[in-house]
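Chain IDs A, B, C and D follow the sequence of writing; residue 1 opens each chain.
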């Protein structure tokens, strides 16, 4: 551990020392300046929100704070000491811990092992596991957040949300490691959580504030305002301002984030222009059953957006995948524009004009080491080929056009998609289905997960325009609000069955509460 | 366009080329590997001969890998081949012909041993001076007979075959079949391959021992390594009533015969084989022996071999290289006749 | 069919000029030449050890020798790029030499095509077993390895079969432009044609997508199964072509002729810098890798390295070669 | 144990059942002992390779390490080549030699960032080279009573070597289940990058796993020497593929993160039972390899078929 002890130049003995301070942090990546002289102050016992568009540099900044990113220039001060953090362990020794944006658990270990991983303490003696102790240690952490997960369950048997809880339990181990008040960083912890779990998380965050400082990142600005004391905003790798949350509204933040005024009514714009009531049903599903759902009836008209809501395990995700041919269908009849739909595989689905945006973008949505251009054109070969041959010029023009239309922030179309920020990755994945322009049915599984508010409204606008041009859309929304705002009709799924249909016309929207009643 | 040959190509099949000065001769010995005693002693024999004529032998090994052998030889033949003498152990029958053709084209002097397809005629080539082997059918039969005698003329035996696609393995097994015909009361209970390997022979023998149990009175192995593996299996099974025979006369097998744990083997003289091939090539290269003068019978011949049992094992335990064997007028002295 | 109309970017407040200059940097360009650099370095070292090694005849012999290995490695590279592995190439090649020798008397010149087609078909069967039964390619081709060996042993009656009619493969022993052995030329042609097909069609992005992330590729609607079966087919066909080269070089077919080429072929792929986990790599790299491996196999003993030291040097050099050629920016985790 | 893990044991039982029906020789106690004894060496080698495969790496160094240790031990205990008579200490030195070679593989992997496929292939060649140097043309035969006794003496019907193998499986299992090394090896196969995010330095564990595996192979080499009473350079020939096959057949994934020592033990039994059974029922030696390959493929597909999914990734 190298702790360079220096008196803080501006330390005033009477003022409370800042828990964490960042000055002029700079980080270059090939082609991008991810951090361009960021300044940031985290005070003791506060919850600091960090807002910014996709690619603003939030994750990079936070990774620098836990020693995963080596900044090119700039200083980090922890409780008045200038430090150089070179690894997660060093950061943890300084009391800084982080829940990462991409889930970072070892799937084939138990939850308990994941929680204590890297700092097993008494759980391992002389290299030998003491399972009992380990389980107890993990249980303590899980108890802190009131989770009932079995510590000895294999992590890959847990649901996405449960895994997120394990991550939070894991970061709370920091408390045991340091005598100082810890700094706990949460990078988009809520993007995969249900509202109930979000509530649990927030109560945890509030509890943490009693003895720690928390940095919290979310693209849901209302959440940020709800849980944080203060919000700092990044834009283009620079700190562009901060505001106390008391009295602030999302549009204030949004303005700071994008540097101009934006609308905060993202869901409802332009709805009135659309009328789908009298168009032909495009997708008709009758009595479809699969491994996790039974007897699902569903129809979607051309130009209609149908939301499906349900709690975890409701099976809505598998319905989507089954329609795309990615899960087997055991029974039922599905037609698209009157013709029987071939559910035998994803190839057939694509050929029928169906597009699918999976929820787990990193694993299923994109091919990380391949370029933006290749990812965008992976599906629709015709758009970049003449006969069997790829025409690089055609591909380049097309890809550049879509990069511009969706304002995808990438240094170049040849940049590896894995190097983009999450939001921009998602836009590329969406663009994949749009490049050829012959899509009939779009299945969107959490399409706005991890997207900033600007990108979100662009995706919403995109969805509406697609709908207006006749595309039928099935939406598994990120939140009930989103589902209500975007959908023309909502199907509620419960335990593998479609239990209720709720009309959702513009002007006659149900409330989230109406839906929640049906969901449980 | 295409042409027949890489330009600047080599010596061309010139047996009439003027004789080499002794110091210009390059001697190459090539065997599978140096990690078994027989082949290591072969190369040592080659070294002994080279020393005798004041030269050095280039020792090549190819890990029992046919392609690697071919690759090495074509590389060798791409160098200076005017006075190149090669004493080669082809990995299998199919490897002999390309070596021969290569040597013929490059004008190198070649002697091969052990493996040669039956229908290839050595006399068709100028540069392929001689092919030497032991009569596998004969040795297979000799040890078969010895085994039959050891078990008293009747009873069950098992056979461990060598690498199935080698001529040696096939000939030796054919010899066993001949022997079985003559010894009507000996019954072949089972035959398996153990790929000439001591380790594989161990496990195959163990399995066959449990399968046939006390019915097994003798084990016929196509080489001594497998015989030694079989001996280990017998020891582990606590059986000392089974006669074992092999071929090659490796030192460990001779010891076993002395100890009485093994019944018989057939000599193959590694050091002599390593030297004799080089000696024939050297004599022709230096002009002491004219290739045309080698009689057809000496172009492909069986070398002298002996059945070794506990009666005569003492004569073979310390093989010596006899320099006289390698004199140019004496190189064919161990011939038992042409390969028919 | 509908065409969505997306608003012009000008009306979008968040829009920014997105495209700046890009493409491979100098460093990336250098790493793609690493296999060649490794090859030159090895050649230099061998020449220093024995100046006679660097003659035109010697080099001609070396590239001629390498031809079957190049073809084998090139075919298997496709499977490796798709994230799989083909352990059956060598056994299939051996089997093909037997088929070649057996069919030649009846079929004459057509035998070459027939053997390549048969080997390709056998490769396709393995590919189908892999994608339909969802068995790991390692297991399928391991099974294939032993099955093909057994078939070859049985149909050849466990012995070599002579190639009596040498005319139909005589052309393989010619030289192009006087210097380039025809067999090596054919190997180059195979590498070039397959590479070009990959480059010019969407196949390259399919293959890489499958290799890097099969599930993403499948959900993007790429023909994952077809591409994989095709890769195995090409791999099989290449084994067939390599068999023709071997049989014509050895004037016979034999059930174990190519068996020892498996590890050298896979080593050639890895030495070329192709990621054994899939996605990253190319056939050109395998070509360079095959030449490195060939030089090691023949060069070390010929320049006079004793047998035991030859093995030790071989081990050290292939590891060093991969250390040089693997582009680690493309392979996140080295397993 | 999930259904996926149950596949190989079921296949084992089925295959044993079939052979027992087909051949009375197969279902004898003596043959059972024989199968167990025959499995001993492969079991120990597979034990070692399981840890490497668990990490998602591969290990081709088995022949080299086994060869080097086989010769080394033969030259260190009482033998016909020199006056050494180190006994158990000789065995220990041979095992340490194997550990050192394994360590070399691991070091090359983590420091040069060369894939294990290549580092271990290289180390195998190095091991064979070292073995050939030590061999130097004369077969070392052992006369050490203890080492020879391991192969010959029996306890409860099984050779000492078999008990050693059982001990290795037990130790391997304990390491896998109860040691940080074992659990981390498993975790590295699951998600290596996550370990780094949690502040675990994976490099030392990788090196340690290869070292551990090397020691197992070396012990296997010693066992071969004990069985043959002679140190052979080729002692480990074919054990690389045999061990990988056994592990894979037992349900270990080559991509890592699944399987383990017990899986491998089942895999070893499957492979050995097949070898033994085919001889017992009298399949022609020409066909044995092919039939074995076919059954391995069939067994694995039978095991994976029930759990196959649409979007499953098979590498």
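Criterion: contacts are C-beta pairs under 8 Å (C-beta built on N, C-alpha and C of every residue); 3 or more make two chains touch, one makes a residue touch a chain.
Each chain and its UniProt protein: A = Sugar ABC transporter ATP-binding protein; C = Autoinducer 2 import system permease protein LsrC; D = ABC transporter permease.
What you are looking at is a predicted structure, and each value in this text was computed from that prediction instead of being measured.
Colleague: Please identify each chain that touches chain B as well as chain D.
Modeller: Neighbours common to chain B and chain D are C.
Colleague: From the centre of chain C, which chain's CA centre is farthest?
Modeller: A
Colleague: Tell me which has more C-beta contacts between its two chains, A-D or A-C.
Modeller: Counting C-beta pairs in contact for A-D and A-C gives the edge to A-C.
Colleague: Using mean CA coordinates as chain centres, what's the gap between chain A and chain D in Å?
Modeller: Computed from C-alpha means, the inter-chain centre distance equals 44 Å.
Colleague: When the centre of a chain is set as the mean of its C-alpha atoms, what distance in Å lies between chain A and chain C?
Modeller: One centre to the other, that is 41 Å.
Colleague: Quick one: report the Å distance separating chain C from chain D, using the average Cα coordinate of each chain.
Modeller: Spacing between the chain centres: roughly 29 Å.
Colleague: Cα centroid separation between chain B and chain C, in whole Å?
Modeller: For chain B versus chain C, the centre distance works out to 36 Å.
Colleague: Provide the list of chain A residues touching at least two other chains, using ranges where the numbers run on.
Modeller: Expected reply: 326, 346, 364.
Colleague: Which chain D residues touch at least two other chains?
Modeller: 128, 132, 193, 286, 311
Colleague: Residues of chain C that contact two or more other chains, please.
Modeller: 153, 158, 215, 218-219, 307-308, 310, 332
Colleague: For each chain, which other chains does it touch, given as pairs?
Modeller: Applying the touch rule to all chain pairs gives A-C, A-D, B-C, B-D, C-D.
Colleague: Can you list the residues on chain C that touch chain A in the complex?
Modeller: 1-9, 12-16, 18-25, 200-202, 205-206, 208-209, 212-213, 215-223, 279-280, 330, 332
Colleague: Residue numbers of chain A touching chain C in their complex, please.
Modeller: Against chain C, the touching part of chain A is residues 30-31, 53, 258, 260, 262, 302, 324, 326, 346-347, 349-351, 353, 356, 358, 363-370, 374, 377-379, 381, 384-385, 388-390, 400, 403-415, 432, 434, 437-440, 454-455, 458, 461-462, 465-466, 468-471.
Colleague: Hey, which residues of chain D end up touching chain A in the complex?
Modeller: Contacts found on chain D: 177-181, 183, 186-187, 189-191, 193-200, 257-258, 309-311.
Colleague: Can you tell me which positions in chain C touch chain B when the two form their complex?
Modeller: Touching chain B from chain C are residues 52, 55-58, 60-62, 64-65, 68-69, 153, 156, 158-160, 162, 171, 174-179, 181-182, 246, 249-258, 260-261, 294, 297-299, 301-302, 304, 306-308, 310.
Colleague: Within their complex, state which residues of chain A touch chain D.
Modeller: 68, 87-89, 92, 100, 104-109, 113, 117-120, 124, 127-129, 131, 170, 321, 325-328, 345-346, 364
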